[in-house]
Amino acid sequence: MESIRKRAKELLDSKQVQVIIGYENGTSNKVRASFIKDSAQVDKLIYDERCTQNLALYLVKHEVKHLGKMGIVATIPAMRTINMLISEEQVKPENIVVLGIGEDGKLLDFPDLTVMESFLQKANIELTAKDKEAIEKLKKMTTQEKFDYWSNALETCFKCYACRSACPLCYCTRCAVECNQPQWIPVQASKNGNYEWHMLRAMHLSGRCVSCGDCGRACPLDIPVHLLTMHMAEESKRLFGVDSGLSMKMESVLSNYKLDDKDNFIL
Amino acid sequence: MARIGVFICHCGENISATVDVVKVAEEIGKLKGVAHSVEYKYMCSDPGQNLVIEAIKEKKLTGVVVAACSPRMHEPTFRKACENAGLNPFLCEMANLREHCSWVHERNDTTTEKAIDIVRTLVAKVQRNAALQPIKVPVTKKALVIGGGVAGIQAALDIANCGHKVILVERSPSIGGHMAQLSETFPTLDCSQCILTPRMVEVAQHPNITLYTYAEVEGLEGFIGNFKVKIRKKSKSLDEKLCTGCGLCTTKCPQKKIPSEFEQGLGLRRAIYVPFPQAVPNKPVIDKENCTYYKTGKCKVCEVVCPTKAIRFDQPDEIIEESIGAIVLATGFEVKRSDFFPEYGHGKYKDVIDGLQFERLASASGPTQGVIRRPSDNEIPKRIAFIACAGSRDPAKGIEYCSRICCMYTAKHAMLYKHKVHEGDAYVYYMDIRAAGKNYEEFVRRAIEEDHVHYVRSRVSTIIERNGKYILKVADTLLGAQPQEVEFDMVVLATAGIASPGAENLAQTLHVSYDQHKFFAEAHPKLRPVETNTAGIFLAGACQTTRDIPDSVSMASGAAVKVAGLFSQTELTRDPLIAQVNRLGPPLYSTCVGCFMCQPVCPYQAIEREEIKSRDGKVIKVLAKINEGLCQGCGTCIALCRSKSIDIHGYTNQQVYSEVVALFNEF
Amino acid sequence: MSEFEPKIVAFVCNWCTYAGADLTGTSRIKYAANVKIIRFPCTGRIDFMLLMKAFQNGADGIIVSGCHPNDCHYSSGNFHAKRRWMAFRELLDYMGVDVERITFSWVSAAEGARWAEIVNTTTEKLRKLGPYTNYQNLVKSGIEEEL
Amino acid sequence: MELERKLIKKASLEKLYQKLQANGNKIFAPIIKDGKTEFHYNPSYAEVTYDHIQTIQSLKNTVFPKIENLVRFTTDRNGTEVTEVDLAKVPSLVLWGAHPCDAAGFKALKSIFMWDYKDEYFNSRMNKMVVIGLSCYKCDDNCFCTSVGLNPGATNGSDILLTKLSTGDYLAEIITEKGKEIVNAAAELFEAAPAEAKEGNLAQVKQQFSHEKVTKNLAGAFEHPFWVENSLRCIGCGACAFVCPACACFDIQDETKGKTGKRLRCWDSCGFGLFTIHTSGHNPREVQSQRWRQRIMHKFSYMPERNESLGCIGCGRCSRACPVDMNILEQLIALEKIQ
């Protein structure tokens, strides 16, 4: 915690960055994103096990971006997100400084982003046991059980799009779900409309999702939507051998191909 | 509201025998937006087309659906008719009632219902069609000819003589190709090199032709009229400007025992060599794999003896980039070697050779100065057998096709043998004799009747070597005779012609399609034999399938005319069925977020970056932009774009979506 | 009761499968009338959501077909499509969509007979699977209270 | 109507529930499912719970459903034919166990839907609904009803308000004619009012700011840096609006299939980036701070001014639902103090 504050102060005082995106104490024992622009305020910054939000989300937010160069407190999923955002040209590497947090919660020293890349190559990017188990359980179901599970789980969704808003890789100005010429996804937050919306979201994140789990955490109705995107992340590893966000030059899974991609269903 | 005209064709009875066309017209007439729905015997006939034209004018139609045959057949016809009536041709669609319905189903209600569904789908689509204007692109009037055999030479000369610049790329150190290896040519028996070498020299001296030998095409970008080609000019280890072609180096090189490719392995060459005396250009190259200096770092004899100090051991490969407008592919063919035939000794019998090797033996400039000698002991063979269809027309060998040239060159070989070895016996074992060409049949008859070549209709099942003789197991099938063993001194296999090695790779580099045997595929087997499916790339000679010299030359001239025709225009008109990234007013400018994940998807590098700048020149946003000259309209980027910011004319999201809905719902 | 006749839509590319289906016609090979073709320039153009739109609108089955690998008219559209289907099919399966109802195939312009065979086997399979009531029920259940 | 007080025994409460159900009413009551307390339609009485502080979702979908079919239409070459929906078919609904804040939420909605234009869809549903409220005996630090003029035992908005007494029985306050009808129809279940005052059985919610002061401050705060400063972490989702009992934004879209179609009214949120976008591409609320400002302004400045009602009932749902801790109470306390 102290090391984060110290590093933040250095960066702000030396004007290497104009804002530090970190965590602070929020209400009701919650933590939340903090935007420190003045080094006198660095003592607001905290880090503990409650700090799970993927702060890389704010790197593409208009008001934050316009504050200037950004220092960001980044957990492993956030670091992977940063690589994805650089690969997808949403963030310029020269505009950010990463205050990486290792698995042990300690500040990592990244003199530049290539060091972060090499750290990620070796970092533990496995899903949590809980998420893994949930996905395995779903995969074991019959088609009918899976269909019932998802259509029922998604029925309550009222399309507040918290999952989309919380996702740092859902940065489109106009999401496909808002496209009404043609109306790809039914407008209504009905079983069908919700089912197709979440299918669309999972597909658009396949090969891109960094499995931070923020979409699921953001859902006010506790729908486990993160199990969709996380499954697609696992599949892109299995099918195409790609873990997203490990370098600043990720080749997007769905816009590249290999001649020897192996399918077992095309006649 | 839309005013769509629907025209349902009986196609004589091709459609109406199975589909109740009257009912289709009636049901489609009930749809929203349909102003006119009729059926007619032959829509593609003049009166049929006039029906369309009249209706467009009278009923002020805003779109047309012609329900007839496949759009691949008559879409251009009806779009033209619409244009003649003053309707934008892209407001016309075709519903495929013949190939996809009447010809594949029985006459019943289901078939008629399917026909109605098909037409309804297209009616829904055409309501969302947009009037489009053709795209004009400039033409670079410079051609690339790949392959310097007789076809490539002919194509290059013809194009150059039309006044256009030509780049001729040849993989080996000299142009000439297989024809330069031949002794005499059928059916006239004139000397191959005598007729070819003047053409080779003409190429070298032609002011419009740039010749790159020892070079290969490595990459191709762009599209018809506007290609960019990358050529690798392999290092010859020689300063060609200084070299006078004196040939001293090629006589002093200590590496003497390298089998000569030109002599088909029957002769030897040095590590620094000119493939053959009449080579163009007549300057040596160093074969790095066999050169002592390149292998051990010591030698440099050639450098020492060179009077003009032209040797350059450290010369790198050169990459040349050229802008061109059209390409002629003339990469030729190869023949199967005798090692392909286990039954004929697997290439181990020295005196069982292939036809090209025989050409070298018969050639006055060949390793034996034109005397037919056995490679094993240099003896003149007294009895020689020629086996036709060695590999060809043999599904078991994976070569189902006829190689086309073997019957004729086998007759020629037998004749040449008889002319050179008067007392010798020549036997030809054949399946059929295919001598379909001007003076070809007469040529074969001459071999049989005047030169007394023995033609035996038989498949040779095996060849066994015994005491320096070769025993062929044969059976005269015309006489119905029992298999017998016949003894020969030498055997010549008319091995199958196959695609040039590397043809597949080149096809993939150039985005040209090819057939199962790796021969390049023509755009249409009858009507577009010298074109490929890739606009601006043409075919000449044996790269499309094996063919003889007159056919190769005619095809080359044909391809040259295609190129010259293309170059006769200053601008090309292209179909505007291409992709587009949307543009909006500020502050959004586009729904495109500039993730550029579409860029690697595009096979044509058509997706570019556009910087949106504020008045003071600051970049506000970077957006994807489609280069309309490069885009070929595959639409892969559209399906990939997450924010639905790209769309493609002719197959817009609105169009395909409405088709899916209309297929299941009446409107 | 008459046999169930599935409604099938085929999304095919213009250069190979559409032309292949044309050849089925010119060869007068008969096949089931259940399949209706929608033409695309390339399999690369086929949006994955279109498959869902087909189910939403009442399709019982879908055929997606294009050029064989290496034969794409645009050289790589089918490879991109293949990856897309590989990922999408996993997602569909994970969400409980009956992937058996979607036939993916490569049919060249020369494979007229093969097209007929693919249509017939797909139709036969879907006759056995029956109508896709699961998805239709999903589509129907919308507004809580219909007035 | 004069407020009437009665007693209903714990056991009678169940009978009342069953009676209402037997009379053909749809009942919307809180139950615990998958560890979460939410209102569901027609649960069995055994499932009904009274122990929750607050449900995640508000109860507004009873009168303002997340999807409302406004009209049906068919359109073909002969023109378009519109079929109105039959509002007479709206079923009678008993909202069972709504907290006083939720009950008050309907007043806020009414001030919008029945303001300059009388929305018949809303009105029909409102008229067919009886609210049987339940005072709060528990609260958490997100609750702030007392700061917006309500309290854990407020009767405003309920037809009958129940308060659990120390005996385990319930005080029933009959507030409206609708409430009285129910009591009259089940008179045998109600007894004379108890002596015990309800105040001792209510949760203690401390008043944390003066909403009048906030409203006053907001009038001059449109350009205040507060908005940008305090909304940097807002991610622009619609969670707050969709769980809010008083948020009434909607979007009307047509969904068609072939010849038939429906005109649908679906929930929308001013927090969404595209909420105010014009066809031209111009967006009057271009950035999130402007949208956050709109949310607060609408509830605490525009509504009091135009609709004579606050747009907030202090239930704290938005604060609980927000994925990034945009706590409305914290911000309102700060807004009371800004210059």
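Should a chain be cited, it is by its letter among A, B, C and D, assigned in written order, with residues numbered from 1 in that chain.
Keep this in mind: a residue touches a chain if its C-beta (ideal position, glycine included) is under 8 Å from a C-beta of that chain, and two chains touch if they have at least 3 such contacts.
All values reported here derive from a predicted model rather than from experimental measurement.
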item: Closest chain to the centre of mass proxy, which here is the mean CA position; value: C
item: Distance from the mean Cα position of chain C to that of chain A, given in whole angstrom; value: 34
item: Centre distance in Å when chain B and chain D are each reduced to the mean of their C-alpha atoms; value: 73
item: Interface hub residues of chain A, defined as touching at least two other chains; value: 173-174, 176, 184, 186, 188, 190, 254-256
item: Junction residues of chain C, two or more chains touched; value: 48, 53, 57, 76, 80, 84, 142-143
item: Numbers and ranges of chain D residues touching at least 2 other chains; value: 67, 257, 264, 286
item: Chain-level touch network, classified as line, ring, star, complete or other; value: complete
item: Interfacial residue positions of chain C with respect to chain A in the complex; value: 48-49, 52-53, 56, 69, 76, 79-80, 82-99, 103-106, 118, 134, 138-139, 141-143
item: Footprint of chain D on chain C - complex, ascending; value: 57, 142-147
item: Residue ranges of chain D touching chain B (in the complex, touch as defined); value: 75-77, 257-259, 280-283, 286
item: Contact footprint of chain A on chain D as seen in their complex; value: 36, 56-57, 66-67, 140-142, 228, 231-233, 235-239, 241-243, 251, 253, 255, 264, 266-267, 269, 272-274, 286-289, 319, 321, 323-325, 327, 329-330
item: Residues of chain A that touch chain D when the two form their complex; value: 26-28, 30-35, 53, 57-58, 61-64, 158-162, 164-166, 173-174, 178, 180, 183, 186-190, 214, 217-222
